[in-house]
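Input: structures, listed below.
Next, two complexes with chain A in common: one pairs it with chain B, the other with chain C.
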Partner chain A sequence: MSAPPVGAKAILKEVLRTKSGIIAIAILAFLVCVVVIVPLYAPYDVVKKWNDPRAWLDNPRCAAPEWVELMVGKKLPRTIKISMEDFRATKYSTVLSHGNLTIKLIRMMAYFDYDYDDFPSEFGIMANMTCLKGMKVDIKLIRPDGDEILLLSKVFSSGESSFMLSSGDSEVKLIASNYVAEVTGISPSLRLPQVILFAEKSEDMWNPSKAKVLKGRYKIVLEATSFTPEDDIDLEVIIYGKVFGVFGTDSLRRDLLVGLLWGAPVALAFALTAATAVTLIQTFLGIVSGYFGGKVDEIIQRFTDLMMIIPVLPILILISFLYRIGIWLLLVIIVGFSIVGSTTKVVRSMVLQIKEEQYILAAVSYGASSWRIIFRHIFPRVLPYTFSLIALAVPSYIFLEAALSFLGLGDPVLPTWGKILGEAHAEGAAYYGYWWWILIPAGFIALTAIAFALLGYAIDKIVNPRLREI
Partner chain B sequence: MPLLEVKDLYLYYRTTRGPVKAVDDVSFFVPEGETLALVGESGCGKTSIGIAILRVLPVNVHLYKGTILFEGNDIMKLNDEEFRRTIRWRKISMVFQGAMNALNPVIPVGLQVAEPLIIHEGMDKDEALKIAMEALESVGLPKIVARRYPHELSGGMKQRVVIAMALIMKPRLIILDEPTSALDIITQANIMNLLKRLKREHKLSYIFITHDLALASEIADRVAVMYAGEIVELGTAEQVYLSPKHPYTQKLIAAVPTLRTEKKLEFIPGEVPSLINPPPGCRFHPRCPYKKPVCSKVRPKLIEVEKDHLVACHLYE
Partner chain C sequence: MNKAGKQRRLMRKINIPGYLRFLAKRAIFLLLTLMIATYLTIIIANFGGYIDEILKSQIEWEVSWELSRDPAFRKLPEEEQERIRLRMIEDRIKARGLDKPFILRSIIYLRDALTLSLGRAMYLRSAGGSSRVADIILERLPWSVLLFTTGTILSALVGIYVGLYMAKRALGVFDRSMMVTAILTSSIPAWFFGIIFLLVFSIQLGIFPPGGLVSRPHTELFAYIIDVLYHLALPLITWVFASFGGWAYVTRNIVIQIMREDFVMAARAKGLPERRILYKYVLRPAAPPIVTMLALAIIASWTGAIITETVFSWPGLGTLYWEAIGVMDAPVIIGLTVIYAYLYVITIFILDLVYALLDPRVRTLGG
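Entry: the complex of A and B
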């Protein structure tokens, strides 16, 4: 039997000799890269806004990843945003005065080229205004085929400061349906403004599965009339696409890339800390139990039996449910519940063997204290085994955190993989076919778990030479 | 005044079948600069005497009493902490049986040799390592060995490392427990020469524990023959080897093969008695060819048959 490798460097070298070790190190290197890159791509400020819907208004809802295009072979719509600045650039206003009567006319216009093979998912129009004496606002959409559709024609009373119009509003739906009736003579059974307004004129222009996209340059024109020179209006238009970013978005328009990337450091930090702390504490108590023996051994072992039969998960669920704790407090509680466990038992049995070895007797005889023997002679002997236990324990803590988050009992602030999955479940992502919202976080969890499991097996093979022959 | 004097030493172990009388009323002394060889077959209590002197007892001790005078002081009266601080390795060190296992496989040997210095003298690692390297050189190993791990060394080298470790605190007495077992004959000879040289250079005293009479004759000034937890014969090497008095010693020497003379090898009938229930009276009597009725009733005491030659046998009373 060859001697066990000594030191972290030697162990790493040995790990890289096995296939599973190479795969594990490769995946871990990738995850470490992710952890390093995350703060550059999405600083912590972005994560703090994760639960603030206003921060994500510019993104489409439940959009698939952009690379889906490669699979469907169509050019899928991206989100087009025409900002207030774009409109302001074309703003033209005149003030007409005649005696007491003052009229201010505002007109602005913006255009966008729409040449995607699918309809937008939604659109929205937002306006901020200063309206002292009432204002009449007309907003028109001019299609590439020349048709003009009046989206809004409304008089606002004094004091109003903003309005919003979206493809989900019933007025807009009515306008769209009237437009179909005008073109085809029949009222459509489905009133989807985002389809009708962007479709080529035909019998089926209301039907999203049959209608053809009208490509070309669309214009949006705003005309406003008010009665004081101070009145003003600014407009913003967003045509939401159907694909977004690398990992798509969820139902709250959040960029899943941000959430999933931030999930990596959170999951790794959580699982690694939990696994390391739990394994080291259990190892330490196992050594103490095995080395000192007698009453100490009895107390630690019976306490271990007790803790091992206490079901931790239901207790964690109860605690999370009652106190709504953050992820780091959860970590402390998990470690607290796991200070003894199977590792304590395994390490104790190893120590019972090690403490009978000659060099321990020699150490006692040259006057080493018990603690010195424990830390200098016994701990290094069980350490390699501890490494493999840590690696093998990491997946279970990733799953534990994911399970709690899935149940809605995870960290209230930070995005984690389990939480994203839990929200996907709550929003019926599986039912609606938002596969990216389920498969990508699940894939991250599985990938990380596999990496640590493979690493654990690789280390296990090294520290447990009998396994090498298998 | 001898360097070490052991009087009426008992060490019994507790087992489920009753106490094991591993060391039963043993007395001997080691003068300064001399080597006492403790010989006897396996399980007769030789190693137990070693660990009793150094007080590295297992947990199942049933009885541990007697007087151990070291430089005239009764070290049995010291408490464990004083004993650890003042006696272990400073005055008495030990080379444990089986050098193969006497080194921690995950610590470089230099650091292991240096450990006693770090513990007792509070030296820092580098300083202690420097002295450890000198100690390694003094046992005939290159300095570079200090950085090696035990599995990188041969059996003989490991044995030298263990001896260096026993020497590091410059003790006055070293207990050598089968220091050459598991070594081939050439390495054995080298180690014996090393031990002799070290003894001369450092004015050491040895207690040399072995089952090998021939090996003991190499180094011993005086020899104590043990049988079933007792010393049955104690004398100078010449006395014991050339004119053994105790029947057991006589049989034992007759059982050792020699190269130069033709002789029929003898054996001792019967088997080693159990130390839990040793035979009453003389423990050797069931196997003794000169058995008398008194032998099974009265335990013989060590008596001086000639100067410095003690025998525990009813034949000489």
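Entry: the complex of A and C
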């Protein structure tokens, strides 16, 4: 048996010789890449908007990742946005005056090609207007088969500045159901405008599981009549799809990619700092306890026993609930609760052996101070062992943060993996079948935890001679 | 030598005064630990006295509301009204003991907690409508015990069996693959598997119910039991799956270590059958650490697992703790922590007692 290697470089070299070590390093390298990509893809000001629902209005709600297409073999709808600029490009207005009667006519039109195999999830129409003397607005959808559906025909009184229309509105639902009645003669039992308006004409055009998508070019036409030349209107239309981005979206339309990418540095920073701080402090106190012995030893050991009995998780849950603390203060409290623990005990027993060794006695004999011996001669001996302890401790802190976030006690601002998972659970994502919202954050958490567990195991096998033999 | 003789020799070797001194020391230390842990919880759960302020303003509001509905009271002159109001508030605050400073009251709380007079809950009630903390806790305890104690014992049994098998063929294919499984499953907590298992087995495949204790109220006992068992299955499987790897890993390592001891070699050299060596020479010394772990794990399992129970909506102590935190019901939070600390400390003391008897190094300590 060879002596266990000392020093980070030597250990890393040994780690890369084991299979579990290679897998661990590969996963960690991937995560580090993610951390590096994050500021490029989603700078901090994007994340600051994470809790602002208005920032995500352009995304579909609870949309699956785009690559789901490959699994279902259908072309799933993306989100189509027709911006105000698109409409403005076709805007045509004339002002007619006759005596003291002035009439302004505005007309604009935009089209989009819909050739997906599934219906949109929702649609929404937003308009901004300047309306000084009242305005009549008509919005029409012209389907590829030539049918015209009047989505809105309304007179706005002076002073109104915007309106919104969405597939969830009862007026739109009524229009859609009237359309079905007009085409088929029966009134539908389900009134889903996003299905009916985009379906081929048939008896089942209201039934999302039976209706067929009408593919082709759809047009949206706006006609407005007002009474002063200053009046104006701008339109924006969003046809929400069913898939979005790499990781899909949640119920608040947030791009999960942004949240999950940001979860990586947060999780790594939190867990690594906690694991390193806790392990090093515990190691230090273990060395002190073992080296000095006597009263110091007695106090540290009794204190360790005490802290090991205190139920930490319930107390942490209690503290985070009552004081609503952020993730970094939580970190401080966790470290505070674990300045002593099982590592203190293990290191102490190691030091009791080490301090009887000849090189320590030699150091004592030439008059080295206690602290010099501790830092120069004992600490380096224990250090490799602490590496494995740090790596093995990381998963527990990742899951601790995830657990608190899962209960809704996580950081109020930053998106973390646990928080995303907790929201998914709270919104019943499993029940509705939004699997990506659960499995992807869970996958990230598990992947990171597994990487550190394997790394810790690999280091442990190298630095722990007892395990080396086995 | 007969057994009785052995026993006598053993007793003679024990240094009785030293042993008692050791036990007394441990008992005092554990009691002190219990007090500190409980006191810490009391301080935090009462928000450092903030709960008192909430209660006081609640009393004030109650009194004003009651008086405002009393027509006789409204006829009194204004000063008289104010005087009566203040006196009623003061009386009620005194009746609930809120007039003393928090530090003093926290000591009273500590005394009550340690003597297990857990008092009444502020908001939570048991299913029978009782507000006694003891009733509320006792009502939930069986469900936590049913799920987690069964689960812990089951996973320990499975784990120990697998661990023995691994040790027998150390470094074989089974050993290596189980090792990886053990590392992976033991670094991931049960609640995490719970979420995924719920999604896959309950929602997608529909094999198990999506949490809870029963699907509907039952009048028939047999149907009730069947329904509970049906709901118990998935959390139980999850718990066993998440923790058996750890048991297997530890057992394997302990057993392999013992197998390299000289006395096992000697037994092998004598030509004893491998089975006999395993059960008589290896398992015996391996038992104490495993039993210790099992004892501590079972105690820990009694308090349930807050998050695992929440995931499965299992109505045990873990969920109770979470509910109590949600409404800031300090007496329930303190009651649960105290019960947990007591169970833990008593177990540790019993283990100390037994070890001191078994271990010659501890036995002669201080003598």
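In this section, the second predicted complex is superposed on the first by the 469 of 470 C-alpha atoms of A that agree within 3 Å, B and C clash if a C-alpha of one lies under 4 Å from a C-alpha of the other, contacts with A are read in each partner's own complex, and residues count from 1 in each chain.
Everything that follows uses one rule, which is that contacts are C-beta pairs under 8 Å (C-beta built on N, C-alpha and C of every residue); 3 or more make two chains touch, one makes a residue touch a chain.
Everything numeric here is computed off the predicted structure, so don't read it as measured data.
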Fit or clash - chain C, chain B, common chain A: fit
Chain B versus chain C as contact partner of A:Tyr359, first or second or both or neither: first
Touching partner for A:Gly293 - first (chain B), second (chain C), both, neither: first
Chain A as apex of chain B and chain C, Cα-centre angle in degrees (nearest 10): 60
Partner chain(s) touched by A:Pro380 [first = chain B, second = chain C, both, neither]: first
First, second, both or neither for A:Leu322, with chain B first and chain C second: second
Most chain A residues touched (candidates chain B, chain C): C
Contacts of A:Arg54 with chain B and chain C, given as first, second, both or neither: neither
Which superposed partner A:Arg372 touches (first chain B, second chain C, both, neither): first
Chain B versus chain C as contact partner of A:Lys9, first or second or both or neither: neither
Per-pair minimum CA distance [chain C against chain B, superposed on A] in Å: 9
Residue ranges of chain A touching chain B (in the complex, touch as defined): 2-4, 6, 293-294, 357-359, 361-369, 372, 376-377, 380-381
Of chain C, residues touching chain A in the complex: 29-30, 32-34, 36-37, 40-41, 44-45, 47, 170-171, 180, 183-184, 186-189, 191-192, 195-196, 198-199, 202-204, 210, 253, 256-257, 303, 306-307, 310-311, 321-322, 325-326, 328, 333, 336-337, 340-341, 344-345, 348
Complex contacts: residues of chain A adjacent to chain C: 20, 302, 305-306, 309-311, 313-315, 317-319, 321-322, 392, 395-396, 399, 402-403, 406-407, 421, 425, 430-431, 433, 435, 438-439, 442, 445-446, 449-450, 452-454, 457, 466-467, 470
Residue ranges of chain B touching chain A (in the complex, touch as defined): 51, 54, 56, 59, 84-85, 88-89, 93-94, 96-98, 101-107, 112, 115-116, 119-120, 149-151, 162, 165, 169
